[in-house]
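The two complexes that follow have subunit A in common; it is paired with subunit B in the first and with subunit C in the second.
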Partner chain A sequence: MKKILCFFTTLGISLLGFSQELNLGEVHGDFNLNLQSYQEDKLIGAKAADEIILNNAYLNLNYLKGNFATGIRYESYLNALADYDPDFKGNGIPYMYATYNIDGLEVTAGNYYEQLGSGLIFRSYEEKGLGIDNAMDGVRVKYSPLKGIYLKSFIGKSRTYFTYADGIFRGADGELNINDVFNLKSKTKAIIGGSFISRYQKRENVMFKIPQNVAAYASRLNIIRGNWSYYSEFAYKLNDPANLLNKSKMNYAPGSALTNNISFSKKGFGLSAEIHRIDNMTFKSDRDRNGKAYIINYIPTLSKPHSYALLAMYPYATQSDGEIAIQVDLFLKFKKGSMLGGKYGTKLDLNYSRMNALSGDYGKSFLNDEVDYTPIPLCFAQERYFQDMNLEINKKINKKIKTTCIIANQTYNKDFIEGKPTGDYGVINSTILVADISYKIKNGHSIRTELQRLGSIQLESAKKLAEGDWSMGLLEYTISPNWFFQIQDMYNWGNEDVNKQLHYVNINAGFMKGANRFEVGYGKKREGIFCVGGVCKTVPSSNGFNLSITSSF
Partner chain B sequence: MNKKTLFSFLAITLFTTIIFAQERALPNKEVKTLDGSNFNITDIENDGNPIVISFWATWCKPCKKELNNIAEVYEDWQDETAVKLIAISIDDSRSMMRVKPYVNASDWEYEIYLDPNSDLKRAMGVSTVPHTFLLNGENKIVWQHQGYVDGDENKLYEQIKKIAN
Partner chain C sequence: MKKYITLLSIIITITACEKVEKPYLTDLDAYVNPDKKVLIEKFTGHRCSYCPDAARELESIHDIYGDQIIGMAIHIDDFFAGPSPIGNAFDYDFRTEWGDELDENYNIVGLPKGMVNRIGIPDESHILGKDEWASVVATELQKEIDFLITIDADTNKINISILLENNIINNYKLFVCLTESNIINWQQDGSENIQDYEHNHVLRTVIYNGELSNTDNLLRDELISTSFNINLSDLEQYNINYSENEAVNGNGNAGGWNASNMSVIAYIYNTNTKEVLQVEEAHLNN
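Here is the complex of A and B:
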């Protein structure tokens, strides 16, 4: 026994010397911890947690050697943060995979993430901040026989919390880069693609003939010529009635989605315009279940994701049951030395988006007519769900001062978007102003301040009192590359209910070094909708201490 | 602890040290170019000079601040160290179409790739953006940094100069 151990030790030492020649592979990963304490605050409606402290943590480990990779993710919810679904509970390894890559063929067994086209019919992804992880469990094969031809096919079940949803998914996708395949030297480039997905779920309803296999398909086209770029995708979903004895849910209508984007850009100028029409495109991994954990496709929201607090106070979420939306973006950069550019140049971003109910005639859409309907394509109904107009100007004043100013006007149909009874809150129109100024004190030391104001009016008479006007102030001090300190206050001074004219103060500090980042904070958070990358979730009010650690190796 | 466990412990430690001691390579993952073509990230090259890989998104304010601040000094950096910056956007299909007009309007000279379903991001252990990696002439990761505050680009440049030829 001793001999064997001696052998291994010697082998180890000699390997250490030869490690460059003898490639044993690499281990890498990342770690993430979020801890929050919950104290009661009756005024803001924050509830204390029985556990006092709630905690989410993840550790990813990946092993790589040449064309082979394998890895796991350990997840711990003891218990899950209050804004997570309580079904995330306990510890486990819900994610593990092995994959290899040889001569254009990639084979994956275990868990994987996948997206077909822009995700209209299928997207499996993770967005940890929002509690989304619908990773697939099964096998996937990707093959590229020639440059410009990309094929993939997979089979699997979709993750929900620590288990898998009932539906079995079979998917395939093909993409053809025409210029690469035919070796064309044309100025115009074209890529075409098609995808197919089918869900099998056993029929258990004896009264209705519910389809056991539900298919959806999509085709896409991407054309690029010089400064121009065009993308179009059309998706179709076969009938998929929810298994409920409820007229509006027992709909055998098919679904469809059409999206079109065109953009033109050159040095200092960019323009992008997009339109989409979505009709009955909710696609789930289990027809009998509700909730975001069961959504298996992704309909992008056609509005700009805002990062300033008051701009994001009333965010829109796509209505996958039916909407028609447009968005236009304009990016400009005025050169240094020009009249508008000044000494350092000026940047300007203009964005407009609008979402309306489907079809010209109110009452002719999937949502209102459960048996048969013929919506009129490309026609806006009068009912507006959301509208956002905003202008952002970025200007460097001198070597020390940089500013960002934003003016925005948003219309938010609160009753509809948040599913409240009609007339409760009505439609809210708000005008928001943001000024963000940073000042460089000396090498590595900077101070930044944000001043924001939101003035709002309810467009119709509402039963509930309005939150009204808000102001927000933020002060941040950073020392590169290691430290940041921040204090912010959101003040709802315009609330019609005088008892709710509250301050939401938060203090945060962070330390960063290389691949590690630590952040601590204390304060009150407002109840509201939190959106990242187009998906939103409702966050409860909270009051307490938080700690977060992220690390990568 | 008896001798047997001690020895096994030592052997395991040595073994893991070997694995960890290695310089870190890029994972074998495909990203998209702004022209919609597929590109394997292991194919990036800069004639044996340093490469900076920066993960960003059009909705991420500190990311844009970092890349805009570097853009002001990028020419000087290239003259002195021949460094190349590769910016990988993690914008998904919601904001992906905005990347090309934004990049062109901002007049960035960087090489841009798209990672719309975060496959590369996951493989490189990136949990939040911005996240910046520095690669030496053999495409091995030698340094990384999370987040961005004003002035961080100077620290990055110090690291670049250390490995520049």
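Here is the complex of A and C:
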């Protein structure tokens, strides 16, 4: 409460000071509320909430004047939605900051989000859908002494729920745009960068040596020429053993990550190829704690993010302990009037991704008094974690009808990805078909339908049966710009257990006006995995009403 | 000035790291694997005057290592463990069919004696006096594990889950039994006959002694789950019948079980060497 009073006093004084110049600055904000009721549903394994209704809400308030900005976020979890970590509990202002920028120097005190390179060694970010918010609390300076030179340094602790993790992070980053610095007129542009992060955490172990300062560094290169772009980043993390007492589980091996991406694009054609190798790169804000709230780096997944329900039924979670992955993406647009393009043109997107384990029993580098193992640098012969081959075609049939069709084949190592005991479910192979058709009835009125089917098999004998085949249908009616109505049904008709051949029906309606959006719904959700960018959470099954409000000013 | 401040903070930051070198373990002799558990099978009898010393040694070792030490008291030998006629002191029969089998299989000579994870079977050095237990325990607790056992039990059903920590060839058997503590009854302790002696970890019955899995190769992270339905009254009656009909000088006074004081012990042993690789104990109503 003292913090809140202090903040508003400061804000008031600031406003008073600025008002003397008759320029009060600007105040912006946004609000979000998600509320859901939870009823017991034994068929789908949904539990009732003791509170009946659970709720997540937040309000952002930002004040801007010239080069100065300050703001807060009020968050409320009374209590947190069932798919959130229950440690999000209560109300508070976990985010507040003040920042100013003058003569190329930016100073921030309080909370801030930060990322070094692509995040391989450090990423502080917020992803409400996953319940992740590891905002930093501390100070940060950024400085650009010359055009093309960008320096930054920070110190702080990482947020975990309504408190902060034990580790103190010190970070630095420098980036040079070679063309800008040397005023080159070359068609080839090059940007190089380097970053460093160190975590201090006081720890004593009666049996083992534990480093209190754990460092990681990374270098990156980005070259752009014409339609070509190349990005590479290499990261290295020094010894970061967990604070255990078990000799066989102590791992002093360094971590490393190498990612390479090359892409070519021109009108109507795009090609992208990417490979990364991740070895022992889990980096936490508290070495003694588990859970995504304590992860402080980010390894982007190389699998395509799918939004259709059955395509996203078996999503891939990046294995920061060890994986080698590739992805190739081909985009084609056939011109209007061509044989394949037809009257309105046709878009085609072909995507392939594959993730395998690193070699060896450990699946990562391992080093202690008795073991010294480093996996083979490049090998795709090890256990396959995931594979996705998919083809998406977007086609406008006429002025009223637009279609999207997708065919995909996915291989999903359920035991490994979901942390199940080996042999429980084994590997699941799914073939998925999606048809998305929009029909414009008249001005402002359109109807959209999705038809999806997933057929799956377990590739090897397993102790437990997976869910088998699914179908999904969706019907959505939109009255622009204010209303939409939606009904969908996911049906697990192919479940070997006849008692689990269930329908998951959801009904939603939304109203939008100006900066406000309201949505209400009722339905059943299946237990599953939800991922954003390779970071995943388990979603429990649920049955109930939901209300969502978003607003901004 | 601003750029120097930023550069200085960057330079200070990049000096903040430590690399530790081998050996990582600072004190090898003091090392204890926190996941390893050790079984001490203590062979005893209520008329064995030195046996309480062995029980006290077992408790001392337990005080040092806590729940990593699991004890089992097996009453054997017709002279030391045989009961008096009913109505007299020492008239309770702690012996069981399985205790007598263990006595015969492992050639226990003289009491008190014990086995620590049954180490030493091949060279017949497995029968240890109480003062030899602690050093074997210390060595055993340094060993790495292949199995993690968890027990979920009530008076009707016992669920055992075994998680494989490594890939191994299946050469193992699973043993599941019930023990009882806080049994107040007669015990000779030195020159004294104590009427209200507290007998702990007493082997009551064996639920299972058989194959761990029907597969030849066990994979790391594999979970072996097995369940046993039990009927305590039937098991208790079996002991009474054994005492009455088969045990030498038995009198049938082997009942009076108290489920609230009973525990499940499950261990995995090597079929060839008989070494107990891992053991777990849980209260019957955990």
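In the analysis below, the second predicted complex is superposed on the first by the 516 of 553 C-alpha atoms of A that agree within 3 Å, B and C clash if a C-alpha of one lies under 4 Å from a C-alpha of the other, contacts with A are read in each partner's own complex, and residues count from 1 in each chain.
Simple rule for what comes next: a residue touches a chain if its C-beta (ideal position, glycine included) is under 8 Å from a C-beta of that chain, and two chains touch if they have at least 3 such contacts.
Treat the numbers as computed from the prediction; the structure is a model and nothing was measured.
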{"item": "Fit-or-clash call for subunit B and subunit C when the two complexes are aligned on subunit A", "value": "fit"}
{"item": "Which superposed partner A:292 touches (first subunit B, second subunit C, both, neither)", "value": "neither"}
{"item": "Partner chain in contact with A:214 - subunit B first, subunit C second, else both or neither", "value": "second"}
{"item": "Partner chain(s) touched by A:238 [first = subunit B, second = subunit C, both, neither]", "value": "second"}
{"item": "Partner chain(s) touched by A:196 [first = subunit B, second = subunit C, both, neither]", "value": "second"}
{"item": "Partner chain in contact with A:62 - subunit B first, subunit C second, else both or neither", "value": "first"}
{"item": "First, second, both or neither for A:384, with subunit B first and subunit C second", "value": "neither"}
{"item": "Which of subunit B and subunit C A:516 touches, first, second, both or neither", "value": "first"}
{"item": "First (subunit B), second (subunit C), both or neither touched by A:500", "value": "neither"}
{"item": "Vertex subunit A, arms to subunit B and subunit C (CA centres, degrees, nearest 10)", "value": "160"}
{"item": "Touched partner set for A:464, first subunit B, second subunit C, both or neither", "value": "neither"}
{"item": "Greater subunit A contact set [subunit C / subunit B]", "value": "B"}
{"item": "Superposed arrangement (fit on chain A Cα atoms) - minimum subunit B/subunit C Cα distance in Å", "value": "19"}
{"item": "Footprint overlap on subunit A, where subunit B in one structure and subunit C in the other make contact", "value": "none"}
{"item": "Footprint of subunit C on subunit A - complex, ascending", "value": "103-105, 141-143, 145, 151-153, 155, 170-172, 174, 196, 198, 200, 206-215, 217, 238-239, 241, 244-248, 250, 252, 361, 368-369, 415, 421-424"}
{"item": "Complex contact set, residues of subunit B against subunit A", "value": "3-4, 7-8, 10-11, 14-22, 24-25, 27-28, 35-38, 59-61, 92-98, 100-107, 116-119, 122-128, 131, 143-147, 149-152, 154-155"}
{"item": "In the complex with subunit B, residue positions of subunit A that touch it", "value": "1-2, 5-6, 8-9, 12-13, 15-16, 19-20, 23-30, 32, 60, 62, 64, 67, 69, 101, 113-115, 118-119, 123, 125-126, 128, 144, 150, 177, 180, 189, 191, 222, 224, 227, 229, 231, 261, 263-272, 274, 298, 300-302, 304-307, 329, 331-333, 347, 438, 440, 443-446, 448, 478-481, 484, 510, 512, 514-517, 533-534, 550, 552-553"}
{"item": "Residues on subunit C engaged by subunit A in the complex (per definition of touch)", "value": "2-3, 5-7, 9-10, 12-14, 16-20, 22-27, 30-35, 142, 144, 163-164, 166-167, 219-223"}
